[in-house]
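What follows is a set of structures to go through.
Note that chain A is present in both complexes that follow, paired respectively with chain B and with chain C.
So, the complex of A and B:
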């Protein structure tokens, strides 16, 4: 365990050192995040402008959902996409060989090798949005703490889905855009689930668990989540994490290496 | 004339073969454009409960049309061009007796043909699941739509190819495109038809090129009232502007180009 932490420290400090070579990127990332935030608020305001509201969700409460969604976007562009989108590349070029030879879990290596600080603005804006909405709604510290648990479950589920999709490249080499499909579907997390018709709700709860990523943590923060849903999120996260591990081991049996 | 025709055919044929090679990838690209279909759900639900001036079924049709428009006007030239410049692969293309842009045009056009069957399959599936939304545009509407969608593709391509020119000066021309995409996402009508925008925002947006890339063609396909004359003028105007800018940057850029790595 200690060794893994040490390795993690090395991975991330080198990654940050490398990324800081391109400081102008930070300005671009900041502007993009800001534009994205304004656009998201605009998109949401189109619904609330005429007095309509998502059933049982006031404007501020919906902002909490949007804040968590922004946070999630920041998390995926910091930790997930720089690592997991590279699995495909490793398989294609055969460099996965070198990863497998290392005396460390290959899943760990592939999942944490680098991080990109350019997701930081999204993380900050997400927190600001949640903070603003929380203040308007008079949320206390306990509300925030209570939502951290389902939020972590959500992040774990997201990671697992992303990793499994990336791992399918062992069989279908040229599918670097499979994660784009996932990312497209995740956009549904911008709005609380009640905003969708029943069929959509079913799909985004049981097929692609978007509901567990944003709506359930938001409900937990607003103290209206039922315990059964939070427990469900926990089981889902643990199940998916376990499935990811098993799936990766299974996939490696089919890895035949390339050009080496 | 004859020779141009032959060249065109060869180009399209070669790039079509390329595209069909990576079918799985293509299907995934089709699926990744699911945003309009997701928003369709929210708007159908909203239209059933609130006052938005459009019926749920209008929203269903609108977003389906937006999905189709998006499928037919996807452009990625800036990423390809950027790589060509950075890796110096543009150099051999410059030696060919044809402007390199035609390679990109051919690959985009033939990709449309390869993508079409999957997109149509999805549209069929949609009508199967939601038969109330089924409609058939009149012949006039359809022909008008074809014309507008070609113009929309041309405009989108010209804009992105102009951004691509910046690759001669910096390594990250695609960042410009990504930034532009934000405005495209929120103002083109992809997230909502312009009917539900606040009037002022709507007026301003109609002066920009964005709504003519999604909202305008989609509205024509489903028969929402739009100002045709203004739409065509705006599309031609913006296309002309970007064409001029593009050619100017191209000439300046070639002088700058050092053929790195080739």
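So, the complex of A and C:
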């Protein structure tokens, strides 16, 4: 465990050092994240300006969902996409061989090898948005703490889905697009689930569990979440994490490594 | 006891078959047919600790596939492999500490950062303490003459320096068995020589076992007492280099300098003509009739000078692969 932490520290410090070689990226990330946020706020305001409400969600409450969504996006672009999208590349180029020959969990290596500081603006804007909405709604510290648990479950589920999709590159080799599809579907997490028709709600809860990523943590923050949903999120996360591990081991049995 | 044991090793890959043209592409997309390709077929050999063995064969002969089965990256279809007492495919932590793989055309070092950063990661992964790390790095840096190169971003190193840094990263954990796939690929002659010298020294200093593939015969002749020749997945020769020449090139080249030029018709009776260039004539003569032929040449032609040489190893091996000779 201590060794893993030490390795993780080195992974991340080298990743940041490598990324900072390219400084202009930061400005671009900042602008694009700001643009995205303004876009979604504008979209939301169109609904609420005319007095329309998502069933049971006030303007500020919806902002909490959007804030959590932005936070999640920041998390994905910081931790998930730089690593998990690279699995495809490693399989294609055969550098996965080096990873597999290291006396350390290959799943750990592939999941944490690098991190991109360019998700930072999203993380900050997400927090700002949640803080603003929380202040308007008079939320206290306990509200925020409550939401952390389902949020962690949500992140674990997201990671698992993403990793499994990346791992399918062992069979299909070129699947850059598959993670884009996942990203597209996750966009649905921008608004509370009640914003969608029943069929979609079912899909985003039980097929691609987007509901567990944003709506349920937001409900927990607003002290509206039912315990059953939060435990459900917990089981889902644990189940998916376990499935990811099993799936990776299974996939490796098919790995033939790129020929030179 | 041998450190590498390979018995009746085989690997069959399913390879998708695609007919040319649009029709073939469409069919390929909807319904794939696979054809089994025998990449390695019933290969057996053993390697003793401390040996340097060259693994030769044309592209696609099955060298890399065999190396990958020995390192545990792919699972054999049939046969038995033991490396340092382990079954490679299980990739036990203990096994991984004992081996290393260097691939000339792939790199593990981080491109944008100094090699030292990558080395530190490897040290942490292999659990090498700081003091030990410093010591090992300084020793290897000296052996590789890489001084001051480790603190430059890898992308700014020359190809030769990069390869040396790759070797350093691959050897930091002091593996007992080194699998090297084309370690000198694309290097200039000087860099090739220094990589070679390093491998030789490393082998002697740590009694490490080395199995290497290379397209450069000079690597093989400089390093390997023993070679394995693989062709179309089958092992066709296992022994030392001299034996290889005996077995596959049972002829000598006789170079004769004549006093005055002769026509080819006049020369042909003495042996197979390889080249005629004015007064310089080269014959290929079977070893069995060598003394007789040389005696006849000396008796019947005006000879200024005469030398007998073995054909170069490259030529012999090239011939073996072209003809597909199977011993």
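FYI, the second predicted complex is superposed on the first by the 259 of 260 C-alpha atoms of A that agree within 3 Å, B and C clash if a C-alpha of one lies under 4 Å from a C-alpha of the other, contacts with A are read in each partner's own complex, and residues count from 1 in each chain.
The rule is short, and it goes like this: a contact is a pair of C-beta atoms (placed from the backbone, for glycine too) under 8 Å apart; a residue touches a chain by one contact, two chains touch by 3 or more.
Because the structure is predicted, anything quoted here is derived from the model rather than measured.
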Chain B and chain C placed together on chain A: clash or fit? fit
Inset, instruction - Would you sort A:94 into first (chain B), second (chain C), both or neither based on which partner it touches? - result: second
(Q) Is A:36 touching anything from chain B or chain C once the two structures are fitted on A? First, second, both or neither. (A) first
Subject >> Contacts of A:3 with chain B and chain C, given as first, second, both or neither >> reply: second
Of the two partners chain B and chain C, more of chain A gets touched by chain B
Partner chain(s) touched by A:23 [first = chain B, second = chain C, both, neither]
neither
The superposition places the nearest Cα atoms of chain B and chain C at a distance, in Å, of 6
Seen from chain B, its contact residues with chain A in the complex are 22, 24-25, 28-29, 31-35, 38, 41-42, 44-46, 49-52, 172, 175, 178-179, 182-183, 185-186, 191-192, 196-198, 201
Given the complex, residues on chain C that touch chain A span 13, 64, 68, 71-75, 91, 93, 96-97, 99-101, 103, 105-108, 110, 112-113, 117-118, 120-122, 124-127, 153, 181-182
Note: in the complex, chain A contacts chain B through residues 25, 28, 31-32, 35-36, 39, 42-43, 46-47, 49-52, 55, 172, 174-178, 180-181, 183-185, 187-188, 191, 195-197, 199-200
In their shared complex, chain C is touched by residues of chain A numbered 3, 6-7, 10-11, 14, 17-18, 21, 93-95, 97-98, 100-104, 253, 255-257, 259-260
